[in-house]
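Each structure below is given as C-alpha cells.
Next come two complexes built around chain A: one with chain B, the other with chain C.
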Partner chain A sequence: MASIDERPQDDVSASGARAGQVAAASAGTPTGPAGAPGARRAPRRSGSGIRGREGAAGWIFVAPMIVILGLFLVIPIGMALWVSFTNWQGNTNPFVVGQGTDVVGLKNYTDLFARDGLTRDNFMQSIGNTFYYVLLVVPLQTVLALALALLVNNTMLKGRSFFRTAFYFPSVTSSIAIATVFLFLFSNTGAVNAFLGFFGIDGPQWFSDSRGLLHLAFNAVGIDNPAWAQGEIFGRSLWDWLSGPSVAMFVIIFLVIWTTSGTFMLMFIAALQDLPVEIDEAAALDGTSRWQKLRHVTLPMIKPALFLVITLGLIGTWQVFDQIYVMGKGAPAGTTLSPAFLSYQQSFGNFRYGSGAAMAFVVFLIIVVLTRVQRYVLTDKDERKPFFRRGGRR
Partner chain B sequence: MSRKTTTAAAAACLTGVLALSACGGGGFSGGNNAPQATAKGPVKLTVMIGSSGDAETNAVKAATEAWAKKTGNTVEVIAASDLGQQLGQAFASTTPPDVFYTDASKVGTFAKAGNLYAYGDQVKDAGFLPALVKAFTYDNKFYCAPKDYSTLALEINPDLWTKAGLTDADIPKDWAGLEAVAKKLTSGKVTGLVIGNDINRSGAFIKQAGGWIVSEDGKTMTADSAPAKAGLAEVQKMMKDGVLKFSSDTSPATGWGGEALGKGVAAMTIEGNWISGAKKDFPDLKYKVVELPAGPAGKGTLLFSNCWGIAAKSQNQAQSVDLVKSLITTEQQMKFADAFGVMPSTEEGAKAFAAKFPDQQAFVAGGEYAQGPVNLPGFDEVMTKFNSQLATLGKGGDPNAWLAELQKNGTSAISD
Partner chain C sequence: MNVRRSNPVKTILLYVAVLAFAVLFIYPFLIQIATSFKTDPDAANNPLSLVPNPFTTQVWQRIFGQTGDSSVPITTWAQNSVLITLVVTACRVFLDSLAGYALSRLQFRGRKAVFAALLAVMAVPGVALLIPKFLMVNYLGIYDTYTAMILPLIVDAAGIFIMKQFFDSVPISIEEAARMDGASIFRTFWSVVLPMAKPALITLTILSFQGSWNEFSHFLVVTKGTPEHQTLVTGLASMTSGQLGAGTQYPLKLGTALLTTIPVALLFFALQRYFIRGANEGGVKG
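Let's turn to the complex of A and B:
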C-alpha cells in the first residue's frame, strides 16, 4: 500500500525536477526571471524559488486527481475507519457522538476475534471458507490462464482469434448472469447431474451440500472428527477449520476460475507477445525441450505479468461478493459465507455498520499482508528487501 | 410472491456499557417517539412499499391518491426493489420515507435503532387481530398498524389425493393422520409433503407441539424446550420415513412449496395464501386448502405480516397517521384483498374476507391460533444461522444441537 501510494509522488517530484531543469536551461531567454543566472551558480538559494513555483504548478496539475481520489477514496476510507470504532446504527450522523452513536473503541474488532458469539462464529467461518476459496482459485486460475495464453499464442494454431474470443467471453459477461446460469447447470436435475448420471454417477445436490471436500477425503480414509482435531482456534474446532471448501463452495470456485481465467489469459498474451522471437529461436537452437523453454526462458521473462495476475487474483478473491450474493447468500450451513458478503449483511441487514466496517478492514489487512508476502516470494533472491520495511524503493 | 419473510432484525446497539446506556437511556426513545412539530398546510408524503407486483403497486397508489384528494395533500408511492436495503439507506438520510412497509420480524430492529414512530395507540381501536397487535408490539409498545396478514395452511393436490384412494374423511386432524396420508401419497417422484426448508415452515410443528423459540414476553429463549425439540423431531421423523422433503431437496429442486405442488413432485405442501401466485407459473394447478393438523398441544400455525411503519424522523407524522387510518378501514382493506389477495388485518375485515373467499377459510381460521415471527432486534443473523443448519436436515444432523445453539445465540442477542 505504502509503496503504491508513494509512486505517483516520486514520479511527480522527479518530473517536476526534470521540468525545472528544462526551464532552467531555457532560462537564458530574456523572459527568464531576473535572478536566473545567479540561480545556476547557487542552486540552493534561488533554486527553491524556481522549483518552488514549478512544484506549485505540479500540484495544480495533479490537484484534480488528488481531489477525486481524496473525495471518493481517502475520505470515505477514513470515514469507514471511524465508523468501525463506533456502534453507529445508520440513522444519525455518525460523527456526532452521543445521538445514537457511541465510540466503542476496538470492541468491533475484538468481537471478531476474542468474544464468543455469533459474530465471531460467522466471521471465522467466512475467513475459513474464503481461505480455501483463495487457495484453490488463485493457483488454478493462474495456471489455466497461462495455459490458455500459451495455447492461443501458438503461431501454429489455426483460428487463433476465435479461440481468444471464446476464452475471453466469460469475462465480459455479467457475473450475475453467469452465476444464474450455473444455478441451473448445477441444480439437482441440471445438466451437470444429467451428464454424471449418463455415467451412472449419482451427482450431489450441489447447492445444498454443506460437506467439506477435505472432510469427505478424511471420511474416505476412515477419519471422522478425531480426538486430535478438537482444539479450538478462535472458537472453531480444528476439525471445522480443516473442512475444506464445501461442495456448494466448490461450484463457486469452479465458476470463478472459469470466468476470470479469460481476463488473466489476456494479460499473459500481452506479455507473451512482447517477448522477442530471437530468444525463442536461440533457445530452440540450444536444444531445449518445450518444458525447459517454458520453465527457464518464457516464465522468467513474463514474471511481471505473473506478479500482476497473482496480485489481482489475491485481491479479487478475498473480496468475492456477487457470486455469493446470487448463489445462496452463505447457504448451505454458512459454508459459502465470505467476509465481504458478511460485512454487507452485518451493515445493511443488521444495521451494525461498525461491525461490518471492522470486518472490511480486517480483510483489507489480510490482503495487504498476503500481497506483501507474495511480492517477497516472487522477487529474485538477490533483489529481496527486508520483509517489513516500508516502501523499500529507495 | 412467496412472502418468505426474511427473518429479520438486527442488533443495532452493540453491547458494552456505552451502548447500553445509549439504547436504554433517554437517547432517541424519548425524543424521537413523541409527535414532532408537524408542518401546517398541504404536505407531500412519501410511501415506500415492497410490492409483489403491479396489482399491489397500483392498488396502493389508488388508495393513497384517494386520501390525497380528500385532504389536499400529495402522496408519492415508491415501489422498492429491495425494501430492506433501501430503508436502511433511507434511515441514514435526513428524509426517510414517511410511511413504509415494515415486516413483523423487523419491528424490534427498527424500533431499537430509533427508526420507528410508535403510533399504535392512535390506531388500536381499529379492531386488529390480537395476534397481529402482538406481532407489532416490541418492548410493550404497539408500534404500527398491521397492514394485512397471512397464515400457513395445508394445500392438497386433489387429483393425487383421490388417486391414492383418500376421501375428505382422511383430511389429517393430527400428526398421526398427517403421517398416514403423507405415506399414502408418496410414490415414485411424488413426495407426500414438501415444505420450505426454514423455521417459517417447520416452526408450525413447534407451535403445534405447544411451544415457540422465544417466550411469550420475548424476554427469554425457549429454543431448547421440549416442544421445540418435539416439533423438529416430528419433521425429522417424517423425513426419515421419506414422506416429507424440503423443497430444496426434491428432484427437481423447487424454490418453494407452490412450485413443488405445481411441478407435481409434492402431493401436499404448507404455504400461506400467496400460494395463488403459483397459478401464474402453473395455470393448471389445483389445490384444496385445509387447516394444518393439530399437534400434541393443539392447533398451531405461523403468521406473517407487514405494518405501515412511520418514520421517527418524518416531519409529517400527524398526516402520516391520518393516511394510515384511511388505509386500514375494512372497506379499503377489502379493496386490497380483491386486488392482490391479502387478508385484512382487522377482525371485521377477516370476517368479510372469509365470507367473500370461502375457499380461503382455512387461512382466516389460522389467525385465531397463529404465532407471529420473532420480532426481537438482532435476530436476523441468529435465525439465518439456524435456518442454514435446519436446511441440511435432509442430510442428517442433530436438530437438538442446532436448537441448543439457537438458544445460546438468541440469548446473547437478547442480552445485547
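Let's turn to the complex of A and C:
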C-alpha cells in the first residue's frame, strides 16, 4: 500500500519536480511544493552587472555541443543529401564532380519507386517486411507493456519491485547480446523447439523459413497465389505484398516485443501511479468490475501515456537495424530486410552510397511524418508532457 | 487498507500470470548463463537444461585468453569497450551539463535559437545518420581510428536536454548568492551547481554508460571492423553473424554475450531507481 499512499502532490508541471525537490532539500532550503514559482527560472533577475560576462560564458559553455553536433550531425546530413544526388562509389572525393562522381539528379530516389530493377524490388520488399513488423510489434508491445504495468501495479502482489526489475532488465541490455541469445533459443536444436517437442510439435527451422504467415493462413484455406492477386504495385505482386511477416521475421518480432516492453511498462507505471487514489476507490465502491474500471476509468486517464508509447513505438520500429544485422542480414529470401538495413547494405556492401543515402532519407521522411503526428496528437490531447515526467517509484 | 476485498482465486490467478511472465523474461538469461558452461554438443542436445553436463569452464578460459586459441580476440574487444565507454561517459556528463546549464541559466544572445536547434537535432532518427557520419569521418581523414569512434559520441542532445530540464527546476537563489560573493561563472557551476545536481548527474552517467557500452551502428560505420577497433558489442555481432567462420559454437557466443551484458547488469542492479528515472526521461533506446 505504501507506494500508493505516498503519491506526490498533484504536480503536472514539466519535468524536474522530484529531482528539484531532492536538490533543494540537500542544499538546506525549504522544499515546498516543487512546482512553486521559486523553482522556476525567473525570466529577469537582479544583479545585471554580472550579466555582462554571461554572454561570453554562455557561448563557451555551449561551444563543445555546437562543434560536435554540427560536425557529426548537422553538416553530415547535408553531405549525405548531396551524395544522394550522385553516383558516388566511395573511392574518390564525393564533393568533386567529374573524377568518378557524377550528379544523377533524382535518379537514386526514382529508382526506389518508379524504375523496374533489383533496387526497387529489394526496397519495396523491405518496406513490406517492415510494415508487417510495425503492424505487429507496436500493438503487441503496447498491450504487453500495459498488462505488465497493471500486474506490477497491483497492490495485492508481493515482491512488486522484483517483478518490475525482471520485466525491465532486458531493455537495458545490448540489443546485439540479446539477439545472440535468441539466435540460440530459436536455432534448429534450440530451446524453443525442444520445448515444442514436449507437446509433440515439430518446430520449424525458424531462421531459414521464408514462408509468410499470411501466406500460410491463405494456404490453409486453399488459396495459393490466385489470379486476383497478380496485379503489381511498385513492381511487386499483390500476392507478395500480402505475404505477412515470414517465420524468420516473426522471431525478430517476438524478440523486439520481449526487449522493449519493459521500457514502455515503466511509462505506464508512472502514469498509473499518478492517478488519484479517490478514483480508484470510487470505482471500487460503485462495484464496477475490474474490466469495466480498466476500460472506462483507467484507460481514458492514462491516454497521454498510451499515445506516447504508441508513437514512440512507431518511431523506433521503423528504424529496426541491429537485430536484422545479427539475425540473418535480410535472409531468408530477403524476408527480414528492413529499409534501414538495406540502406546500410547498399552503401557499405555494394558501395552505392547515393542509393543507400536516398533510402535513408526516405526512412527519415517516414519517421518525420510519424513524429509530426505524435507531436500533434500529444499537444492537442493534453497539455501535460508525460514523456518528461518522472516515475521513479521504488 | 485495501478497498478491494482480496479474493483468493483472483490472487492466485494474479500470481500465476505474473510468475509466468517472470519465467518468460528470466529463463532466457538463465539458459544463457548455463550454456556458457556447456560443451558444444551438450548445448545442442540439451538446450533447455540449466545444468551443464559435463560442466566446463573452457569457454571462460578462452574468453580470458587462458587458452592458446586467439582466433576470437575477446580481451582486445573488452579493452576497447572499457576505454571507449569511460572516455565517452566522462566527456558526456561534463559537456552535457555545461551546455544544459548554459541553456537553462546563462543569458546570452542566440540562446533560444541554440535550444531550438537542439530540439530539432533530437528529432533526427539515428538510423538516418549512418551514412552521414561515415561521410564526415571519411572527409576528416579519421576513418577507422579511436577518434572517429569516440569524438562523435562525446556530446548527446538528449543528455543536454535532460540537464537543461533539471536546472530549470532548481531554485536559482543559491547560485545567485555565490555569484554575488564574486565567484566566477565557471567556479559557481563547478563548486555550487554540480554538487546540487547529483541526482541528474547520476541519471546522465547511467544513460551515457549504457548508451556507449551498447553502441553498435556508429562503430559499424566508422571503422573497418578489424579487431583492433572492435568493442565487445561489434565483435560479438561479427562473431554471431558468422564473419569469423566460427560455426555454431553457441557456448562461446553466449558466454561473450553474457560478458557484454554483465557491466550494464551490475550497474543496473546497483542503481536501479536511477535507471527507472532515466527511462522515463530519455525515451527508448533506438
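The rule is simple: the second predicted complex is superposed on the first by the 295 of 394 C-alpha atoms of A that agree within 3 Å, B and C clash if a C-alpha of one lies under 4 Å from a C-alpha of the other, contacts with A are read in each partner's own complex, and residues count from 1 in each chain.
In this section, a contact is a pair of C-beta atoms (placed from the backbone, for glycine too) under 8 Å apart; a residue touches a chain by one contact, two chains touch by 3 or more.
None of the values given here were measured: they were computed from a predicted structure.
Undergrad: So in the superposed three-chain picture, is A:S343 touching just chain B, just chain C, both, or none of them (first/second/both/neither)?
TA: Touch status of A:S343: second partner only.
Undergrad: For A:G203, select first, second, both or neither according to whether it touches chain B, chain C, the two together, or no partner.
TA: Neither partner.
Undergrad: Taking the superposition on A as described, I'd like to know which of chain B and chain C A:A333 touches: first, second, both or neither.
TA: A:A333 contacts chain B only, not chain C.
Undergrad: Just to be sure I read the superposition right, which of the two partners does A:G235 touch: chain B = first, chain C = second, or both, or neither?
TA: Neither chain B nor chain C is touched by A:G235.
Undergrad: Once the shared chain is lined up, is A:M267 touching chain B (first), chain C (second), both, or neither of them?
TA: Only chain C is touched by A:M267; chain B is not.
Undergrad: Answer with first, second, both or neither: which of chain B and chain C does A:N122 touch in the superposed model?
TA: first
Undergrad: After lining up the shared chain so the two structures overlap, which partner does A:T371 touch, if you call chain B first and chain C second: first, second, both or neither?
TA: Second partner only.
Undergrad: More residues of chain A are touched by which chain, chain B or chain C?
TA: Touching more of chain A: C.
Undergrad: After superposition on the shared chain, which partner residues are touched by A:V83: those of chain B (first), chain C (second), both, or neither?
TA: After superposition on chain A, A:V83 lies in contact with chain C alone.
Undergrad: Show which residues of chain A both chain B and chain C reach, each in its own complex.
TA: The overlap between the chain B and chain C interfaces on chain A comprises residues 187, 189, 347-348.
Undergrad: If we count contacts the way the header does, which residues on chain A are in touch with chain B in the complex?
TA: It comes out as residues 87, 89-91, 98-100, 102-104, 107-108, 111, 117-119, 121-122, 187-189, 205, 207-211, 330-334, 345-352, 354-355.
Undergrad: Name, in rising order, each residue of chain C that touches chain A in their complex.
TA: Touching chain A from chain C are residues 1-4, 6, 10-11, 14-15, 17-18, 21-22, 24-26, 28-29, 31-32, 35, 43-48, 95-96, 98-99, 101-111, 114, 117-118, 121, 123-137, 139, 151-152, 154-155, 157, 160, 165-174, 176, 179-180, 185-186, 189, 196-200, 210, 213-214, 216-217, 220-221, 233-234, 236-237, 240-241, 248, 250, 253-254, 256-258, 260-261, 264-265, 268-269, 272-277, 279-281, 283-286.
Undergrad: Mind listing the chain B positions that touch chain A in their complex?
TA: Residues in contact with chain A: 9-16, 18-19, 22, 27-28, 84-85, 88-89, 91-92, 96, 109, 113-115, 248-253, 312-313, 378, 380-382, 384-385, 388-389, 391-392, 394-395, 409, 412-413.
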